[in-house]
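Next come two complexes built around chain A: one with chain B, the other with chain C.
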Partner chain A sequence: MTVLLLLIAYLAHIAFLPLLFIGLVRWVKARLQGRRGPSLLQPFWDIAKLLRKGETISETATSTFRLAPLASLAAILAVALMVPWLGLPSPIAGDLILAIYLLAAGKFCTSLAALDTGSAFGAIGASREAAISVQAEPALLLGLAALASHARDSRFSALLAPGGGEHTIILALLVGAAAWLCAMAELSRMPIDDPTTHLELTMVHEAMVLENSGRSLALIEYAVALKTVLLLGLVSQILLILAGNQTLAFHYVLSIVLLAASAVALAIAETVMVKLSWRRVPNMLSYAIGASALACLLVAMRG
Partner chain B sequence: MTPQPHLESNLLYALAICWLVAPGVAVFQKANVDRLLGVILAVGSLILLAMGVAAFAYATTNIALPSPFSFAGIPVAFRFDPLAGLFLCVIAVVTGLTVPYLRGYCSHLTDKADMRIFWTALSALLISMPLVALSANALTFLVAWEAMSLTSAMLIATDHSSHSTRRATIVYLSATRLATAFLASGFLWAHALTASWTFADWHLSGTQALGPGVLVLIGLAVKAGSWPFHIWLPIAHPAAPAPVSALMSGVMVKVAIAAIVRLFVLSPAFNHPVFGIVILTIGAISSVWGILFALIQNDLKRLLAYSTVENVGIILMGVGASSLAAHAGLIVAARIALAASLLHVINHAAFKSGLFLGAGTIDMGTGTRNIELLGGLSKRMKATCACFTLAGAAICGLPPLNGFASEWLLYQGFLGASSGAHTPIERFSFMLLIGILALVGALAMACFVKAIGVAFLGRPRTKAAENAHEGDRGMVASQAAFTVTCIVLGLIPPVLLAVLNPIARVAYPGADSVAAAWTLPTPAMLVTLAVTLLAGAAWMARTKATMPERRYITWECGFGALGPRAQVNGTSFVQPIAHTFSVVFQYAESVSIEGESRRLFPDKVTATSTTEPVLETRLYQPVTSMFGWLGDQILHLQEGSIHAYLLTMLITLLILLAIGGAIQ
Partner chain C sequence: MGEFHLFESGSAVTVIIGLWMIGITRVPTSLTLYGTQSAVLGLMAMYLGVLRAEPLLVIVGVAVIALKGIAAPAYLLFVAHRLDCRRDDGVSIAPPLQFFGALGALALILLLHPLRAALPESSLPSIGMLLLGMIVMITRRLAISQIVGFLVLENGIFLYTIGQPHTMPIVVEIGVLMDVLAGVMLAGLLAFRISREFESIDVTELKELRG
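Right after this comes the complex of A and B.
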């Protein structure tokens, strides 16, 4: 019964929160830039418009290209039901390794789709996506593994539980920082990539979806939005370890507040920051690996 | 002495007869007998499967062959136990599923090679591999091991008309000589210490175990293809026929791993905590090294060979972690890590054999294995593309396929060891191993996205790729069978763990089953994935009629009709990663621009990147060239001068006398 209620709650949030989040980021950004900005609901109208439009598909593309957006969405959706990103227990008892590997499965599909059209843009995007994953994935997994080793369990319900022990603040901050950096890299957000440009020198995700249009583009945009709230929600949950044992309602409200705060933070970062040169991305991601390794060291020293 | 168990010995004889008939048929029948040979091999693998199941189902039994089969009083003896049973089953299934492939593939070999030798060596390899896994004493082991090494060398040399194949055979043969030399000296040492040839009697521990243990471990590691002895794999596999590569990579290297598990973990013959550390370390280095070099290969079979090095590394990491955890008293983690590596043995056999068969189909269908000359194969080789893509996803460890199950279990083993270990350094090391495994996983995904994307997707880069043709029905059936195995194995890990439990229990006695470690919400995940995919597909199918769809060229900045060379190729796809890890493979790029006004209107732009197989050029090449130099020096003795010969004889005699005197 509880599982069913949780499932409904999660599905309801999955339905509207991702696009609302994207709308909020755009709105705050517009305000910071001195524009009035579109309505918060604009992403919904965009998706609705895309869903009604026909598609232009490359002559080179095969069924891989057609199936990939759906397969990647399915993988991300499964992760969204496994990670307790809303502050409520997740309807499926998720495991951190399964979640990260499912996200990787989604990337596998979109990367192949990008290569399927034979476009150099898509392929370079896929190549960069792979290069970023090579550092971001181990960093995220290692950071969460520090929590899992502390909790002696790799399930999210256990590793995100507020545990006792010294230095929990430092541990949560280190893992949270690593997870935030990895999330920025995985989502192609600043300072790794600017989601609003279409400059081929810089782009990762935007290059990969260059050939997609209509329905498939709608699926991809929605999947990326879902992945955004999912990963940033996970960062919030890591920080919420600090809040200690509280009621579910408190956790839920604080999670939503933190999600909104991360939207504002993203908007500010994208307004004031300059994108990193592509060659310096590995340096930035090594900070994430370093933070994760420090978290592991902390757990190892503490015993 | 246990009574002769009839079932196992009869099966053993039946297998021997069955696989000895095959070369007979091949030699004495001139007509095309491929179909008959296929049936014989299939029957043989069924018998082998029965043997494997029998070894699993009944208690451990020993079989000693009657009197003519013995080495100076030491009988040829076999031991049927669950570990041997597991490997027999893997050999049987891989062989059985490869059989349909052979006929179609061999049709292109007949004009290049003597097929009678091929079939003879193949059946001899197929009988020697199970015998290695079954050997109960060191002498039987060595004989079966030699048979396995030599027959596989003959198989690599099948198409010996080309220079590269002859070189590959020499390299492989020297690797096997090295392995046998180390093994034999290790076994002799162990015999000197225990006065027995039977593995079950060896219980060396402490410093006594170190000497023979290290020698045996090196011998086995060479065959398993572990770093730093892996160099034969990327040379031998491209030369060997694809089904042989599938058997060698899927099965033969695993036979060496079976021996490592038997001698170092399961009722250890050589018991010392150092072995756990050493196996874990070479495993970790192998996995990273193997996948990094796989990433930069453009020859599909070379890439797969390096990926075998990676997977052997993952398996050895599990074996080593298991042994280390057991020494630290963490029985649960030890058992999980052992089960993880055995599960990975099964899984790797499934996807790697399938991938090698796919590479062979491409080789046959296009005449090249270089992915930079391919592209767009998915249109003309649909079935091979689907099988290769799924097997590639499985080897990257993507859920819900089988590779994920064993990698997840290995993560659990590391996590258990890291939270239970007693010293901070141990805890931290086990956590770092988690990071290494994650790094290997991400690199594997980059590697196989590149392999699949450049070979199968996009536009064909050459005429050969454009005119590619699919393999015949048997070849497709074989690949499909391996792919289905990957999917099924991914759905039933709890069952597999329950099956592996007896082995884990032999190593680490205790009550709980390793199946209890499986806590993943697999059914819920599968339902979510299936519901989303089905609903999405239904919606797409329903709206297909109302949605206008236009086919148009790929966007190319308005230049119009850029050629297929404008696509990203294998080298450029991995450039960012190669750049990050440039230290490992001495990656260097150089760009040269020619033309009057070079910057704005270049006539010719050339960009090249170079990599270097560091281990080969910095370690093995100096050693081999030193031997070459020594040989040249010794050659001076043989210049035809009788005085020099007489002097040499005299000096030799004196040295021998001196040695004899010293020993007396």
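Right after this comes the complex of A and C.
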């Protein structure tokens, strides 16, 4: 019964929270740039418009191109029901390795579709996305593994539980920082990539989806929004380990507040920061890997 | 949360900041990080002072925050701005690789603990920070980054001192603090002189001095 209730709660949030989050980021960003900005609901109207439009598919594309958006959305949806990113217990039990590799599988499908059309920009975007995720994945995996070996359990419900023990504060801060950097890299956001760029040569994620239109573009945009709240929700859950044991309602409210705060942080970062030059991306991600490795070291020392 | 626990977490934070500084190539960022590290050290000294009911240690903490946390980094930021040095890409090995090397070395020291007989485990963070400061001094190109490395090394010594059950007399502490501040001032002036004489503060170019 509780599982059913949780499933309903998660599905309800999955339905509206991702697009609302994107809307909030855009609105805050517009405010910071001195514009009035679109309404918070604008991403919903965008998706509705895309769903009504026809789709143009390249003659050279195979069925991979049409199935990839569905496959990647399915993978992200499965992870979204596995990770307790809302602050409520997740309806499906899942462990960190399954979640990380499901996300990687979703990414693989998108890259495959980008290569399938044979367009040069799609291939550039796919190769960049792969290059970034090769560096971001070990950091996220190591960081979560450190939390898991601290909790002696690799399921999300256990590893995100506010356990006692020494050094939980530093552990949570290190893994939180690493996860935030990884989230920025995985989501192609500042300072790794500017999501609003209009220059194909510098795009990462956008270059991959240049060929998509209509319904499949709507699916991709929604999948990216869902992945954004999922990864940032995971970061806030890691930071909420610091808050200790709370009641479920309080924890939920804190999680939502942290999600909103990370939307504002994203908007501020995208307003004041400049994109890293491509050669310096590994430097930044090396800090993520370093922080995760330190977290592992800390756990190894304290047994 | 016990006394020792919070102190240990604080020293871990300072060592992590020191480690981070190895990977940093931007000069202003590394100066800011140095200021943060000193401020954390100052807070730790104040905390220990309150805990052990030693008002002098609290005063030392306040002085550390004011002088090493704010004054020294601000002065060096001014020098860096005047000399127009923004980035220090390091000598021979790229800083991110140095960062991983230092991380590996730190892991080996902490996990194997080779000098178990001579050093108690509580002094390992300070020894680690001392060595991190040395790495920064050896591997940097600009004179100003070498000053930063020296200051990190000095922070390691300070961490060692406040970690001891019986702290040094206040006169010694304040004296050391003043010495460090004078050293920073002199080193900053020296950097100005080097840059005027050689039109660069890149120490690898100082080889030109050899006849």
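Here is the rule we use: the second predicted complex is superposed on the first by the 303 of 303 C-alpha atoms of A that agree within 3 Å, B and C clash if a C-alpha of one lies under 4 Å from a C-alpha of the other, contacts with A are read in each partner's own complex, and residues count from 1 in each chain.
Note that a contact is a pair of C-beta atoms (placed from the backbone, for glycine too) under 8 Å apart; a residue touches a chain by one contact, two chains touch by 3 or more.
Not measured: the values here are computed from a predicted model.
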| item | value |
| --- | --- |
| Partner chain in contact with A:282 - chain B first, chain C second, else both or neither | both |
| Which of chain B and chain C A:271 touches, first, second, both or neither | neither |
| Touching partner for A:54 - first (chain B), second (chain C), both, neither | first |
| Touched partner set for A:157, first chain B, second chain C, both or neither | neither |
| Chain B versus chain C as contact partner of A:297, first or second or both or neither | both |
| When both partners are placed on the shared chain, which of chain B and chain C touches more of chain A | B |
| First, second, both or neither for A:42, with chain B first and chain C second | neither |
| Partner chain(s) touched by A:71 [first = chain B, second = chain C, both, neither] | first |
| Shared chain A contacts, counted only where both chain B and chain C touch the same residue | 282, 289, 293, 297, 300-301 |
| In the complex, chain C residues that touch chain A | 5, 8-9, 12-13, 16, 19-20, 23, 25, 94-96, 99-100, 103, 106-107, 110-111 |
| Touch list for chain A against partner chain C, complex | 166-167, 169-170, 174, 282-283, 286-287, 289-290, 293-294, 297-298, 300-301 |
| Touching residues on chain A, where the partner in the complex is chain B | 54-60, 62, 64, 66, 70-71, 73-75, 77-78, 81-82, 91-95, 97-98, 100-102, 104-105, 107-108, 111-112, 115-121, 123-124, 126-128, 130-131, 133-135, 137-138, 141-142, 145-146, 148-150, 152, 154-155, 210-211, 214-215, 219, 278-279, 282, 289, 292-293, 296-297, 299-301, 303 |
| Complex contacts: residues of chain B adjacent to chain A | 375-376, 378-379, 389, 393, 396-399, 404, 407-408, 411-412, 415-416, 418-420, 424-425, 427-428, 430-432, 434-436, 438-439, 441-443, 445-446, 449-450, 452-454, 457-459, 519-521, 524-525, 528-529, 532-533, 536-537, 540, 543, 547-556, 564, 566-568, 572-577, 579-580 |
